[in-house]
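The two complexes that follow have chain A in common; it is paired with chain B in the first and with chain C in the second.
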Partner chain A sequence: MANIAILSYLKRDSLVHELTGTTKLIFFIAWSVATMVTYDTRVLVVLLFLSIVIFKISKVRLYDIRIVLGLAVIFVVLNNLFVYLFAPEYGVELYESRTVLFTIAGPYTVTLQQLFYHLNMTMKVACVVPVALLFIACTDPSEFAASLASIGVSYRIGYSVSLALRYIPDVQREYHNISQAQQARGIDLSGKDKVLTRMKNSVAILLPLVLSSLNRIETVSNAMELRGFGKDKKRTWYSQRKMQRNDWLAIALAVVVFVADMTITFWDGSRYYNPFL
Partner chain B sequence: MKKLSVKSVVAIGIGAALFFVLGKVSIPTPVPNTVISLQYAVEAVFATLFGPIVGMLIGFIGHTLLDATSYGPWWSWIIASAFVGLVIGVVTMKMEIGEGLDTKKIVRFNVAQVIAHLLAWGLVAPCLDILIYKEPLEKLFAQGMMAGISNIITTGIVGTLLLVAYAKTVVRRGSLNKED
Partner chain C sequence: MPSPVISFQDYGFQYMAQAAPTLHHINLDIYPGEKVLIAGTSGSGKSTIGNCINGLIPFAYPGQKTGKLLVDGKEADTGSIFELSHTVGTVLQDTDGQFIGLTVGEDIAFAAENDCVPQDEMKQTVDKVAKLVDIDHHLQHAPHELSGGQKQRVSLAGVMVEDVKVLLFDEPLANLDPSAGRTTIELIDMVHERTGAAVIIIEHRLEDVLWRSVDRIVLMDEGKIIADMSTVKLLTGKNLLEHGIREPLYLTALRYAGVEINEALHPEHVEHLVLTEEHKAKVREWYQARKGDISSVGHGEELLRVEHLDFGYTPQRRTLQDVSFTIHKGEMVSIVGRNGAGKSTLAKLICGFEKPIGGSIYMEGRDLSDDTIKERAMRIGYVMQNPNQMISKPMIWDEVEMALVQSGMPKEERKERVEETLKVCGLYPFRNWPVSALSYGQKKRVTIASILVQRPQVIILDEPTAGQDYHHYTEIMEFLKELNGRGYTIMMITHDMHLMLEYTPRAIVFSEGRMLADTTAAHVLNNPELVKRANLKETSLYTLSMACGIDNPQVFTECFIGYEQKEGYNG
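On to the complex of A and B.
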């Protein structure tokens, strides 16, 4: 628990950091939708290249995000493995041709098409990960609520998000304290006990945590009510910044990427680029 | 849309923080690559106490933060998490936990969570996965069912225990009976 991997805001002096939260949010949404939709290898290569360039510009070092990156790699590897185990012939089906390279055992042959499918699948994740990580690493959390509100999300929901960000460290500390106290009393959550016992034991930690959270909700909402939260239809944000020239350029880039992505992907009525036919 | 009350706004925020923290601590199980997801038990309890909109947004915000700080958002599962909160909240609507908890309410809570998890992990998540990521059907449904069953068991046991314990504290506060 002490060393859980959490990516947080890294203050640096870079072009990406200078952009307003709104710009980054729009960019991030356009980017993740674009990579979600496309399966076209050519588009993915370009997107991957661009996301690496953006990562370079941001001055966030690989070292800063090594833990998170490690998790992402594990996730992608496991996902690929599962796909192969369940459907070793999926690529053949998609690309409508079959080039066997070699056979492992039984139905598990390795085909060029399957490998190509795995490559595309991996690239899809690889394109979005740098941008998503940068979004978290380069956006000041206090600006985040303002940017949500500026793209039309109700400010109440924006406020919920910033409350969540504000209270994550508190809840975490509390969880840690409670779990240590309960462990001192002999309640164990590690692999030594049976699963059912572990689940029951987890209630011993969760119950104080949930009850204190409910109290906290009471306190915070009373405080907000006293200060007249939610009285007006609109709300201003201290951390909101004006859009600069670079912001418009970044948004323009996002729009171009998005439109190009959609056009190329749906041009011939198929989401795939098929080099085998 | 009806305006969210101040209390709902705060409940979403702190609920999402809880969801996030519990998502980060994983309790190992004997089956590799599956962990007990305690966050769904808490999401279910909050959805029961505060209603469907709060439940939905806790799932959505909590899961998005969780994914975005680990390996980039996997939207189909995020939407499924939101769906779980929504369904549990709708089915358990107007169930006043503060006025005591009887077997009928416990059954209703569990029916709600079973329906929610089955639909979310057996239908919503795999369908969106096909739509968005085009992964093979067999893998998605196997994965979805595994997650669904493990979540149903976790929410069923942990969520119910939490709810029972919570109801006890509420009743005790208002009662003059010295014996428990």
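On to the complex of A and C.
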């Protein structure tokens, strides 16, 4: 079976990997909020620089995450395209000045302000994406549930994430097997048939898959109950690691970045840095 | 005498969704440190008893009970399933499904995590029990990196972290290959000795469980306890076959030879049988009288030929290497070997689900390389292990008709074909029934019918009898034999040694992606070297014939099978 892991845990030996799941989760949340909020170009430049540094430290190669990265690029391009199509003068409004570079057609002129706005928007995504990818690629799945629980999320929710990670490969394998056997009975899912027929055909695979998954769920939930899952409000975690010096440093860094980001961004009462006035 | 740790007192139970009770008037005491086997066919109520003990009944499966069940002196249904889990540790049948953690260590620790055991202490406990069941070198492994036997060790360790008084095993042998099954029985025995917990094994494969002694056997049928006695008493009586449980093969062989099975014989283990010279002479006599009957099967025309087949999901790791064999028209062949030996991969290659790296497959001399899955399916049918994996229509007729509808056959012709197929499969009376009204065995027939309707020349079945008791096993296999008699060529992937011996004259043996042997089933199982390499298990007939001084255990086995088939399944 083709084993295409689009994005999964990559075991490496790096500073980022050594951090506990909790640290990475806190860092990821702080970082995301910080970049979501700000449109300040000066802040974004610093954040972008930092996120590239962190990426380097993690020893994850671009090649490892090429598929997700590709998707992110497509997303950014489309996003920019649509923003321009629907609001070609948004930058002018924001920055309260208008420097026309050239005109494409009708209302679509290219202004320096609009380009600057697009630059900021793209940089925001470029700041978040590496950190988000690293959070997934460098956190041992075993630690996911524990780290969610440690920031106050109910362990039941945390554990369902963990269970999904555990059983997704099994269900994929099952899907593969069922679809092969059904293909032998003339169920074709390749593009040759009409959409309606293909939808009908996919039921022939999904129905047995759903039924067998329900069976699986029954077994799993029995097995979990038989071993005392859900007994108390709390539970301990086998694979949770203790916070080390580096964890505190990383959290300190996240706090510094967050506070600095907020301060600089809101210093003059606006989320935008305006070089045009 | 100490008080029982489990005590059923005139206990009865009816599931909420069912019209009639599943258990009637059960009286059963199990004492601390005892080892008890609960045997019975599927539907006999043996699993329900297990669920009552561990608390799945009534906490997960509600229903009506009568009488009393005491677990460790307390009424079982007054507390919670969690309280019971401190007394009773359960190892479920599905080794994959009950593996909850992402790694071995986490899975073993699961119960301790829920108990809020501090991490340091938990790690020590995990290391200790992992060592006990010999899985301590795999603590970081994910479930898919383990064999079935190893997963079972993990499950066992997972319930042992709790320091329970009762260990309950629900059909521990169902998903294991023969040699892993044997190791499991040894492991259970070892854990029983070391922990002193009471052990309850629920299983219908009597001979396999008896590889290690048990104190008592409880035989169940139709929700009642039929017998509750020592192994010797049960084996010398006639209860087993009447209630759908197969007695050990060596005892059947002795009966055939006219030897009376009594206590003096010590019938519990084939190694420890006490046979007098007179007994041995009787067995030899029986053998001499029959060994002439063995007729070798003539080969029909060549149907399917596999030549130098190579396959691997990655080029470095081959799952199949240089496999060649020929299947003739009208044959019934077993493909055997341990889990992961490449058996299923072979089936996928033949059906065209996967493409080989090298080698070719020929059907009646024609190379199949360029045929699509659909084209191959007209000649080669593939039946998955579990019928629920294939059935996708609510009605039997529609399910069987599906492949024909897809191929665009006109309605009249379809009707004729489906009717004919349903008649062959004995499903014609049920043609307008919903699939959900059928038993497991009947569903299996529906899936076979849905394949036969395309009129393939070869049918490949993946583990056709996995998890089935003797009765259902016989039902399915007799049906396949009948199909074979009608001219269908049948290949079966299996690790059931009885199936291979009784139904398929020929067996192809795989191990680690290579073909080890292509010979008669009796020859495979009487060749200790081959048995070991392929993770199989020699039959007790081999041991018996050696004990009786028979020079050729293989022919002895063949005589036995031949005799049994002639005399029918009830002897």
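Side notes on the structure shown:
We adopt the following convention: the second predicted complex is superposed on the first by the 243 of 277 C-alpha atoms of A that agree within 3 Å, B and C clash if a C-alpha of one lies under 4 Å from a C-alpha of the other, contacts with A are read in each partner's own complex, and residues count from 1 in each chain.
In this text, contacts are C-beta pairs under 8 Å (C-beta built on N, C-alpha and C of every residue); 3 or more make two chains touch, one makes a residue touch a chain.
This is a predicted model, so every value here is computed, not measured.
Residue contacts after overlaying the shared chain place A:V220 against chain B and chain C alike.
Contacts of A:L211 after superposition: both chain B and chain C are touched. In the superposed model, A:S162 lies in contact with both chain B and chain C.
By the document's definition of touching, of the two partners only chain C reaches A:I187; chain B does not.
Contacts of A:F229 after superposition on the shared chain: both chain B and chain C are touched. Look at A:L25: by the touch rule set out above, it reaches neither chain B nor chain C.
After overlaying the two complexes on the shared chain, residue contacts for A:A72 are found with chain B alone; chain C is out of touch. By the touch criterion stated above, A:M123 is placed in contact with neither chain B nor chain C.
Which of chain B and chain C touches more residues of chain A: that partner is B.
When the shared chain is aligned, chain C comes close enough to touch A:N177, but chain B does not.
Taken together, the two complexes place residues 1, 162-163, 165-166, 170, 203, 207, 211, 216, 220-221, 224-225, 229-230 of chain A in contact with chain B and also with chain C.
Across the complex, chain A meets chain C through its residues 1-3, 141-142, 162-163, 165-166, 169-170, 174, 177-178, 180-188, 203-205, 207-208, 211-212, 215-216, 219-232, 234-240. Interface residues of chain C facing chain A in the complex, by the touch rule stated above, are 54-56, 59-60, 81-82, 85-86, 90, 92, 94, 96-103, 105-106, 109-119, 122-123, 126, 143-144, 158-159, 162, 313, 348, 351, 353, 373-374, 376-377, 381-382, 384, 386, 388-393, 402-403, 406-407, 450-451, 454. Remark: chain A residues 1, 4-8, 32, 36-37, 39, 68, 71-72, 75-76, 78, 82-83, 85-87, 90, 94, 121, 124-125, 128-129, 131-133, 135-136, 154, 156-157, 159-168, 170-172, 175, 189-191, 195-196, 198-200, 202-203, 206-207, 209-211, 213-214, 216-217, 220-221, 224-225, 229-230, 271 touch chain B in the complex. Residues of chain B touching chain A in their complex: 3-7, 9-18, 20-22, 24-25, 27-30, 33, 36, 38, 41-42, 45, 49, 57, 61-62, 65, 68-73, 75, 132-139, 142-143, 153-154, 157-158, 161-162, 165-166, 169.
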